[in-house]
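What follows is a set of structures to go through.
Here chain A shows up in two complexes: once beside chain B, once beside chain C.
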Partner chain A sequence: MMKPLNSSPLLEVKDLTVTFSTSTERVKGVEKINLQIHDGETLGIVGESGSGKSVTAYAMMGLLARNGRIDSGEVRFAGQAICSDPRALASVRGKEVGFIFQNPRAALNPLIRVGDQILDAVLMSKRPPATKKEARARVIELLEMVRIDRAMERSRAYPHELSGGMCQRILIAMALASEPRLLIADEPTTGLDVTTQKVIMDTLRDLASSRGLATLLITHDLGLAAEYCSRLMVMSQGHVVEEGDTLAVLARPRQPYTQRLVAATPRIGKELKDLLPPGQQPPPTVAPDQGRQVETPALNLRLLQVEGLRKSFGTRSQHRQSWLPRWARRGNDVCDGQREQADALIHAVRDVSFHLEEGEAIGIVGESGSGKTTTSRMVARLLDQSTGSIVFMGQDIGKQSSRSFTSSPMRREIQVVFQDPLGSLNPRFTAYDSIRNPLRNCTQSLNGGELSRDSEHEQILAAAQQAGLAPELLSRFPHQLSGGQQARVGIARALVVRPKLLILDEPTSALDVSVQAVVLNQLDALRRALNLTVIFVSHDLNVVRLMCDRVLVMRHGSVVESGTTENVFTSPSHAYTRELLAAIPHLKIMQEVDHGQNSAARKTGAFE
Partner chain B sequence: MNSGISGYVIQRLLGTIPILIGVGIVTFVLVRVLPGDPAVFYVTGPVVTQEAVQAVREALGLDQPLYLQLFHYFGQILTGDLGRSLTTGQAVTVSLMQRLPASLELSIVAMTLAIALSIPLGIIAATRLGTWSDYAIRFAATVGVSLPASVLGILLILVFYYYVGFAPDPIGRLDPFVATPQSITGFLLIDSLLAGNLEAFRSAAAQVALPALTVALVVMGPILRITRSSMVDVLTSDYIRTCRAAGFNWWTTYVRYGLRNALLPVLTTVGLIIAYLIGANVVVEKLFAWPGVGAYSIDALLASDYAPVQGYMLLMTALFVVINTMVDVLSALVDPRVRAQ
Partner chain C sequence: MISNDISKPESAGFVQHAWRSLTHNLLSLAAAIYLVSLLVLSVSAGWITPYNPVETNLQAAYLSPSAEHWFGTDQVGRDVFSRVINAAKLDFAVAGMSVLLSFLLGTFLGSAGVFYGGLFDRVVGRITDVMMTFPLFVVALAIVAALGNSVQSIVIASAVVNLPFFVRLSRAEVGRLRVLSFVEAARAGGNSEFNILLKFMIPNALPTIVVQVSTSLGWAILDVAGLSFLGLGIRPPTPEWGIMVAEAAASILAGNWWLIVFPGGALAFTVLSFNLLGDSLRDILDVRFRR
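Coming up: the complex of A and B.
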């Protein structure tokens, strides 16, 4: 990568301070940010939520929300001050600087064909083509550049007809329409599958290097930044914590915050306790409550046996329009072959079989649409399967409908911690109410009758303590809790009825890595202390590797590979598993980093 | 896609049939349950005797059991006959068809006025969020909603007719001394132009101005509010941020990428209001002696005149469904996501 050392930077930010007005006061967004990007360079800004990384980028380009304001500081693009001069800003935005956003589908106008949106970007560019025909040709050229095949056809699609990854490529095409010199990518692959992420990031990198484009990548994912950036800037709470060459920052982080962040990022060669900051002990093992004796995991005690599980959904058009005569049905322009395909049953899950011994943890991994969550919901009896049996504690609970299972005594034995920690809590319930609710519903099967208020209170406090939730937080409503605390309420709510089987559906995907590290450790300690059997559903292979004894890899509703975690991760037999593993950005680079870290640690004698 | 939309329209219109039957039955039973006996109204002669009432009742078929009456009524409807009004002696279909254009004309003029005023004001309020113009616009909208149409109408008459003398007599659709143009569409504004009768056009426009303004001021509030809030949503959306980041100019960003999206919820609201207005303009129609269907139905209801009330209900139901279908088709034309469903 060329980096002319003596030339002036392409983009230079000096002492940038941004504040936001709330109804009562002005709060600091970022304070005294300095950064430089040179031609052709790739800079990554990393940090957890609320660190101000996006605010910095938006402030530079005048894209702050209404209540945001640049209080002081200077932004220069190619030597020209842009932040105080609207005309200078207009000459840069969309001309010299292209922007790519998180949540690509929402970033495109839903009512306008994607080709037309790119066309507008082409017409607004520095050198708009002379004729409409040339402009249209340029749109197709851009689409092909971001590796969209059948470009002509895709250009006529609306955003909702394309996948998230495809929408992100459209945004990249829009950003590249005017041949910018700098590309700013704000969490461009968050929410996309790892394999899609890899394709998008590789495309970005190739395009940038082939046209000498400088790139600013904003991400919460250290691994991603490590793989694609030459220089890193770490931000926390509105300040720059540390800055330097990627390898140097990751291998020898100077600041405690960076050290914690690096440590908390899960990767191969790291154990669960390694995720916690150096010096901090894993959470104390929770004292088992009196209700259950802790046995050493008895081998071959089969808790769950799932056989030939299948879930099919009929398509909507079939259900809703079949009563209409053929000529009155909508979508007559679809040719018959497509119609048949559209009317076919959709198999969300096909012939999934697995078993769980008591005390075992199994991971179900896969990308969006792989059927992993559907499988877990059927096992949890929240969803009825189409066919297949679910034998739990020697009883085929698959025969019971999900509706009647609610009142079954077995209900409390299977509990779920849901993905969205805030959305899965009732906003009008305090944390205490949320935990009490399942306890009341299961009182009969749990305590054989009425529960006294005191003992109820005790059990709620015990569950909160197990989940690491401080008692003084129990009177709060969900929106008054942090993401990590909300997740703990979800865990406490599942534990309070003392289940045998705990289903964790992406329990930490909404959390920052440092919080995730603590929650994962807590969950692991709980599992061992209470001898819980766990099904861990996740798209994050690194997390599954840390938490599970065995792994099922799912794709398109089927299990493509299963085995012990060790085997699947070190010698995957299926091509798809290998593809998944290869797509995780952390692995290779961070291993080198770990290696460097160890040698560095050896050199200095101690690593702190 | 076209065949898709026409198929959809057919599906929706077919779906009206059970609704119409249901509304027909409910209205039929309801008017008969209400206190008041039409036979008593129409007994002529100096003394109302039991025999005379009974005779009228038999003549009207009201002595038969309810289900038989209902059966006859639906049989009549199938032949396109909605019965006859007892007060006017005219066929209900004829009266409704004469009066419906008057109501439609008033509602359409009022809605056009309301839309022309409230959408731009809503956009101004949204783009100047939190400034004095935003507050002033919202205050005016609230005042419009809070004043009942009766008070507003009288105020307007007082100012523009009594004090300023700007408006003509607030009675009817046309100055009685102006020759009525031949009825083609039933809309005086259109018929007079078709006939080339400019004098009639001017008179019709002057007559409709005050009642339409009254209605417009009342319905402006909700339209303005929904325009403002949906425009605010759109302006803070991710795709408008994309426009700004891509350096789009003002027109492209706010009008081409913003306004279209913001108007979708407005469209739904406007459709609901129009459907509601046509039948519910009773107060304004009474106040301005406007010969519309609302006034007609109230008169009939007070006189226990069954056939017009039933006919009116059926007509309103049909109109409501047609307008809602139109709104849905329009939003499907604008929004590809609706089309996909």
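Coming up: the complex of A and C.
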């Protein structure tokens, strides 16, 4: 981070203010942003949703949405003012400055082979190759640069034939085609698996250091920024809150907002309550459950026993298409090897067995496609298993089809909090209706009669209170609530029928870390107060470590490792678990930060 | 009752929201004003029109528009203004009935089909496809010819030709909605499949389908007028826009322009207005557009 102070910055932004016009007024996007990036430097802009971090980057490059406007400020690239001059902007954008976006698949044209898309970028670059042949060679060279093996073959693939991580690497190759001096990466790995994230970020870092490329990394993930950025800029509500060297910002955050953000990021050595901002108590005590008295946890009372659970897809459609000639069947692909695979059954889950004692919390972790969600859906009876038994409260509910289970009296005992807080709520139901709906259904099927209106109302309010949802929010529609509030509606809806088993499917993955901290604490408090048994499905190992007693690690549909959380995290026995743990960016650096904080504290103590 | 203030949240703000959506789009507002005033006029036609729409007065034939006869008079001296207004009542009623039929049946068939899948869906889907291979107006002609010349057969014919659009649209909408995660949440909440279809799928598909309702109303009116123009269904001397245009066609060369301009214009503006209104109707009905 030592660089000559007199060198002029590659990109300099002065007092940038952006406003957006809505139908009624002009709202501030960002206000008075100042930033500098030097050659070869990696600057991270971190902040929660709505902090203005993306707006800053888009405004600099003239990519604002139509209703956005730069009100004042100056943007200079290599000494040249680009903000007010469209021609200067065009000469810089895509040539001196490359972009990578979130959701790589959406950024690629689905109908054009990826090699041809890179070729376009090569031909549009500052110094296009003289011949088509040279250009093609350059495409392969770029693909190899972003560590895509079998580059020749892959260049002929269409975007849908490649994984998300591969698509992101294609985009990086396209961004690098014109040998830019600055790369702007807007949440480049959000939505990708942690191991993929690590590969992408390592590639970016190596390219930056070997080519002297400056990088602007926009991310909500403090851990990611900590590991890959030399300088950090923390933004909140359109303002720069704090800026400085990464370690300085993280180890000694000066502003309360940064302190809260650092505290809320889960990592080893932190307890759940540590995530909450200093001074804020763990969530208010949960109202004691009146309807069902809390039994003292009886030891060795086995609530759930899952044995040999298996789910395969593909049989039916294959059977149905068997009269077609081989080439006309669905699922055939360009490569012969893939065709063989497509014809075979796809095993989403194979032979998963586990058990749960009453009051226990088990975490199922894994990357996308590991079968963790499929497993949880089968246990929740939202999906029929191919084989295997699910014994819940002494009864094999696996024998009941998922369709008939909706009317079973057991339905209320297993409830699910879904991943997407907004998407899992009926857009036309108010929060109140959403919570009332399962209560009505389940009490009807249980008693054969309806609850009285007053007692129904009371139960809804109680559930909302347990989930930390203010009563005045109950009349709102989902889109009128914030992400955290939507998540709370989802929790209240699951709790209102007083289930025994609560399945949490990535309940906080769509939330900002500070909101996540509060929601996780709330869930943990509820679990203890109501003696809930919990299955926690997540890709985020840090969160699972905080919430669960035991962990199952899944990969390609099988459980590769299981054990107590403590054991799995401190001494993982399977190579994949170790790889997974190593790929999490937060752990190492933030641990050092914690360590640094402690030693700093000791030091100051010694001096005083 | 403690629950009343919380469990009844929707009524508040709907009128405001509807008004805001309409004023946001001035063309839709104009269309709405035109349609509402035409509707009010036609419903109260018995009291406000100055003349009996079927009463002839050969002394007063072919009078051009004046203070006495705003839209002039026709070949047998009937007041064109009275006839245009009275015709609106009939056209609105017939079109409204037929679209209501095709909306209810089409939405149910389409959404139930795609939601439950299986043979039912395939049969419904293929029948829809086959229907759409025919020129729809000719189908309507055939139906009226087969069922006999009556107002009911026009309603049925028009309903049948509008049906495929509702089936297709609701199939597409419910097909999109049924894989969203709130459906899974509804199953976890113990809703039966029928309940999910009724409370979760169709209400969410409605805003889109209502646009089709508005467009179809326009088409249905065209169907009714077109059939009557050809002499099917409604018969003279009943006032109907298509009939009036057909009768006027004979005398247009004589320079009696008002005979064709007023009923033809009413027809054109009505169809146009229904099309313009559809856009705003979706904004009005979709709660997500509410602030």
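Keep this in mind: the second predicted complex is superposed on the first by the 568 of 608 C-alpha atoms of A that agree within 3 Å, B and C clash if a C-alpha of one lies under 4 Å from a C-alpha of the other, contacts with A are read in each partner's own complex, and residues count from 1 in each chain.
Here is the rule we go by: contacts are C-beta pairs under 8 Å (C-beta built on N, C-alpha and C of every residue); 3 or more make two chains touch, one makes a residue touch a chain.
This structure is a prediction, so every number in the text was calculated from the model and none was measured.
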Touching partner for A:V519 - first (chain B), second (chain C), both, neither: neither
First, second, both or neither for A:I112, with chain B first and chain C second: first
Which of chain B and chain C A:V553 touches, first, second, both or neither: neither
Which superposed partner A:I364 touches (first chain B, second chain C, both, neither): neither
Chain B versus chain C as contact partner of A:L425, first or second or both or neither: second
First (chain B), second (chain C), both or neither touched by A:L474: second
Chain B versus chain C as contact partner of A:L261, first or second or both or neither: neither
Contacts on chain A seen with chain B and repeated with chain C across the two complexes: none
Contact footprint of chain A on chain C as seen in their complex: 1-3, 5-7, 9-10, 24, 180-182, 184-193, 195, 199-200, 203-204, 287-288, 290-291
Chain B-facing residues of chain A, complex: 61-63, 65-66, 90, 93-95, 98-99, 101, 103, 106-112, 120-121, 124, 158, 160-161, 171, 174-175, 177-178, 324, 327-333
Chain C-touching residues of chain A, taken from the complex the two chains share: 23, 377, 380, 382, 402-403, 406-407, 411-412, 414-416, 418-420, 423-428, 430, 432-433, 436-438, 441-442, 445, 453-454, 456-457, 471, 474-477, 479-480, 490, 493-494, 497
Chain B - residues contacting chain A, complex: 1, 3-4, 7-8, 10-11, 129, 236-239, 241-249, 252, 256-257, 260-261, 334-337, 340
